[in-house]
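Heads up, the next two complexes both have chain A, just with different partners, chain B and then chain C.
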Partner chain A sequence: MDITRFISTHRKSLLVGFLVLILIFIITLPLYAGESDVRVLTTVLIYVVLAVSWALFSGTTGYMSLAPAAFFGLGIYTMALLQKELPFFLIIPIGGLVAFAFALLIGLVTLRLRGIYFTIFTFGLVVFMTEIIQYLETRLYNRHGWDITPIDSEILLYTIFGLVVVTVLAAYFIRRSRYGLALLSIGGNEEAAEHMGINTTRTKVLIFAISSAFMGAAGVITAPSLIYVNANIAFSLFYSFMPILMAVFGGMGQLYGQIVGAVIFGYLEKTLRAQLYSYFMLGFGIILVAVIFFLPNGIAGLVPMLQEKLGGVIRRLRKGGQGEQHANT
Partner chain B sequence: MRILEGQGVTKYFGGLAAVSDVDFHVDQGEILGLIGPNGAGKTTLFNLISAALPISSGEMRFKGQKLNGLKPHQICQMGVSRTFQETKVFGNMPVLQNVLVGAFFGTPTRVSGAAAAREAAQSLEFVGLSALSTTPIQDLTLGNQKRVEVARALATKPELLLLDELMAGLTPAEVGEAMELVTKIRDRGITILMVEHVMKAIMGISERVMVLHHGEKIAEGTPQEVVANETVIEIYLGEGAHAGS
Partner chain C sequence: MAERILPLIIVGIFQGSVYGLLAMGLSLQYGVCRVLNITHGEFVMLGAVLTFTLSLSGINPLLAPVIIGPLLFGLGFLLQATLFRGLKARAPSPAAFEGNALLAAFGVMYIIQYIARIRWGGRLMPSYYLADIVSFLGMDFVKNQIVTFAIALALGVAVYLFLSRSRMGRAIRATAEDPGTAGLMGVNTNMILAFSFGLGALLAGTAGTLVSMKTAVRTSMGFSNTVIALIVVVLGGLGSVPGSFVAGILIGIVSMLVAGLWEPVLTVPVYYAMLMVLLLVRPTGILGKK
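On to the complex of A and B.
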């Protein structure tokens, strides 16, 4: 009882302390961990960016986008094409801008589609991007794929961590702002949202583009560790499905849900996949089904559930104690 | 003064005219009832006014400003708000947040968070649901969900409120409360256009009534005039209703 009260009264300072711990952990990791661990953490953080930015648009509005791979791949290709021309840190925002502009265009055309039609379109978009990029690079450059100069893994880790901070902060403030409320109301009932004065098209397109910008920037940062990319690698649908699985697994309603989902999922995927890939996928499939069945709000849904359960138990214990006292007097 | 005016308002669905060449007007400060059999075009007319559907031909003006070609969110910000026949609440939010959406986005000027929260709380208070503000909206009865829709519409600070079958599906006691609520809204100076099938209610509180049938306006006047109108009795009310009232 004292613990729950302590947590609820000191919530803010606890959260800050926890975040500082994570910060220290990530910054100091390269000092004592091996290169492979640094790479695992980098991948996990890339997934965090993808899952958080995906859920920022799709989790709130209910428009299930399968397009992350398209924007992520655009980022990878931006890096591939510009790596010799510009410094790495300049390419990151450019990759984000390219994805933003492309998403703006796509959004204007497709966000009139609702439900499954939107999802299918975004799926087709990724396939289309693979084909068109392949065609273009053959015609224009007469080549298939690009080598990418590797960048020190520590630098990549710190860079992606910076992007995680930016993405999470942006998602946090957007979700809390009037735009967050507008997005939620679109998810609740789009027609009613329109009639309550919300310019739904503008809101959807803008947030879709913002969330895509983070995916594009993540693509730029991912590219150097791939060493070689072609259209099939860069626009792999894997990058579309992963953020969705992670967000659903962790919970779409709360921001920390997607982070927790991406960290758990990403870590398991990276560490277990090498050794026992098929078992991992089997195991993960079962876990995912179980989560969807029993925790419709994802792992994040566990928190209020546990609070309620614990609170109930505690209250019952207290009541029981009081009841006894009453009986005695 | 005429707050809303329509001339030759027409809507085709394919070859079918759901609303056909209707001239109408709503006077400032009145309650105008819109009645007619199922499929008469009442909800379609609402959808045309609120721009849920584009008009096929004709013209509508709100306070002299042309409505043709505007989007629903613009209509709302101009001061025309509505509720829905099939309740369309935001099922993923608690009651207060539902109303907050209207308070935040329903006016043309940017509203601060504090002002929106105050407006939302006042609107909820007005419809008598303050006690339920943190309840998930889906836990509310149909009657209360409709009240939330009214509060949400009021939070947009409308001058004209369109109520689409506010009383359908309510218990007799709830109908009485809803009638009271509608009158209370009008007393605040908000003009009301309402579609209703509950005759007792609409005849009881409307200053004027307009009757649609097959998309055409067949009668208009005070409740007494409309109830006595031969065509209306034949098509819609039936002999019994005449005798009854």
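On to the complex of A and C.
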């Protein structure tokens, strides 16, 4: 029985089977697991959306955005402000649109310039958002923070799962399309891409806005489980840095890399962060540096490397075996 | 109105000189090593917190940089000589190196910040030094503001002269311009890169000492300092060392005017507004070339 050949010939059906298993696991989880497990899974799925959508822009073009929290927070605030007026499921696309529009504005100002200006601009953007929203809140509403009516955790789980499916499919098809190739060529060599006839600015700004829209939608879905939000909670830098860590750890080139990274760190974050906060964050820093230094393509970069090495070993073993047979006869 | 604005501007210049020092270090690190060092604020924090710790054991804050400076210089030197050098050797293109270096710096930021947090906790550390008031030209100033301004200005001028006049400074500028050719001319570029990075860390640490003379410090102060340094660096022109100092003073004045006449919460939003306008009008910064 040759396992490697079996895997390579039945690759598609195996993948589909695996995805169906995950689907069944997520859908049936609330039946046998407790409330807290459902919450952990919801958090993990939120991070999947953030990491995948972050890598969709930054992983392909090489423009490092350090501000996922800005768009995520916009989503949370959209929910906080509109929860009384509109139904939950309508607010999700609105949150996405708000983030989309804001990202479009930021992108138009900064993405015309070289990548590093964009990075610098996004780095402090979260602080900017926090302070200006605090100011507006006290000025316009004379208050600090908002209560959000909680929503049943199962509904939230299924909603975020729906968003994960949409995000992952969108990322998959964008990466495979002409458009994705244009993005990759921008990441490879922007000037060359421009000479090839790609409108680089439009491509960059649009994909930045699209990836931010997913973050905004994820923010809307996160809001009800927070119960109370203010600018410091909604625009916490933590939401900026976690998706980056996850995507880098998992690998930005392959879609499954970001998903694996988000699942691992999302789970660890939810289970460990509360008790050992400082050591947990210190460990994150060490892992991040180590991954970039030793595995620049992340965990996903390990797979082809291992395949190559293992494949070589297996082939050699097989050849060795055949050689022995020949010698015996 | 004039009596209100003039002191604000002067205090702004005092405050801005520290920002300038901070940004000079970052500008040097990006200009020479091509590392957008978002760990910069953490070096400020280390400088500030170590100054406080030393002052508890009776060491004068003015002497603290003598001890802390070489320490942080060594740390910066090592970071460049090991981590960033290794990344550069492996990166397929300069752009890929900048991206990877940024992410690695991001990890280093976490490491430094949380080691400091585990060691010192999150409490406020008030180590005011020379906090008495002195009258000068009919205006009242806190003494430490004048002292920090003098130190920052002297150090800024010293670094500028070092870069523009000395042999080492010429080697640094040559490496920033074109590392390949500089190497062919006999410059030990790896050493120069590590030296520049270390010098940037030293400037950040000294800025931290100056900050700790004026305000209470804490282990979480790094991030906001990085944000300010980055904004100042872009305003002054990325890689332009004198430009960062000038832009630092400008930002200092603006922050004081906004805080004094309008609303303290809005200082960061105003920086951003300035940044946006500048990026649209003059992307190379105030004193930037090209």
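The rule we apply is simple: the second predicted complex is superposed on the first by the 307 of 329 C-alpha atoms of A that agree within 3 Å, B and C clash if a C-alpha of one lies under 4 Å from a C-alpha of the other, contacts with A are read in each partner's own complex, and residues count from 1 in each chain.
Basically, a contact is a pair of C-beta atoms (placed from the backbone, for glycine too) under 8 Å apart; a residue touches a chain by one contact, two chains touch by 3 or more.
For clarity, every value in this text was computed on a predicted model and none was experimentally measured.
S.K.: Looking at chain A, does chain B or chain C touch a larger number of its residues?
M.R.: Touching more residues of chain A than the other partner does is C.
S.K.: Regarding the shared-chain residue A:Gly124, is it in contact with chain B (first), chain C (second), both, or neither?
M.R.: In the superposed model, A:Gly124 contacts chain C only, not chain B.
S.K.: Once the structures are superposed on A, label A:Tyr135 by its partner contacts, choosing first (chain B), second (chain C), both or neither.
M.R.: Once the two structures are laid over each other on A, A:Tyr135 reaches chain C alone.
S.K.: Just to be sure I read the superposition right, which of the two partners does A:Ile292 touch: chain B = first, chain C = second, or both, or neither?
M.R.: In the superposition, A:Ile292 touches chain C alone.
S.K.: Taking the superposition on A as described, I'd like to know which of chain B and chain C A:Thr200 touches: first, second, both or neither.
M.R.: The first partner, chain B, only.
S.K.: Let me test your reading of the model: by the given contact rule, A:Gly145 touches which partner, first (chain B), second (chain C), both or neither?
M.R.: In the superposition, A:Gly145 touches no partner, neither chain B nor chain C.
S.K.: Regarding the shared-chain residue A:Pro93, is it in contact with chain B (first), chain C (second), both, or neither?
M.R.: neither
S.K.: When the two structures are overlaid on chain A, which partner does A:Thr110 contact: first (chain B), second (chain C), both, or neither?
M.R.: A:Thr110 sits against chain C, while chain B stays out of touch.
S.K.: So, does A:Tyr279 touch the first partner chain B, the second partner chain C, both, or neither?
M.R.: So A:Tyr279 only meets chain C here.
S.K.: Of the partners chain B and chain C, which touch A:Ala192 in the superposed model: first, second, both, neither?
M.R.: First partner only.
S.K.: I'd like to check the shared interface: which positions of chain A are touched by both chain B and chain C across the two complexes?
M.R.: Common interface on chain A, chain B vs chain C: 189.
S.K.: Please give the residue numbers of chain A that touch chain B in the complex, ascending.
M.R.: Against chain B, the touching part of chain A is residues 178, 181-182, 184-185, 187-189, 191-200.
S.K.: If you look only at chain A, which of its residues touch chain C in the complex?
M.R.: 62, 64, 66, 109-110, 113, 115-117, 119-121, 123-125, 127-128, 131-132, 134-135, 189-190, 237, 241, 244, 248, 278-279, 281-282, 284-289, 292-293, 296
S.K.: Which stretch or stretches of chain C touch chain A in the complex?
M.R.: That would be residues 30, 36, 38, 83, 86-87, 90-91, 93, 95-96, 98-100, 102-104, 106-115, 117-118, 223-224, 226-227, 230-231, 233-234, 238, 263, 265-266, 268-269, 271-272, 275-276, 279-280, 283 of chain C.
S.K.: Sort out for me which residues of chain B touch chain A in the complex.
M.R.: 50, 52, 71-73, 75-77, 81-82, 84, 88-93, 97, 100-102, 104-107, 113, 152, 156
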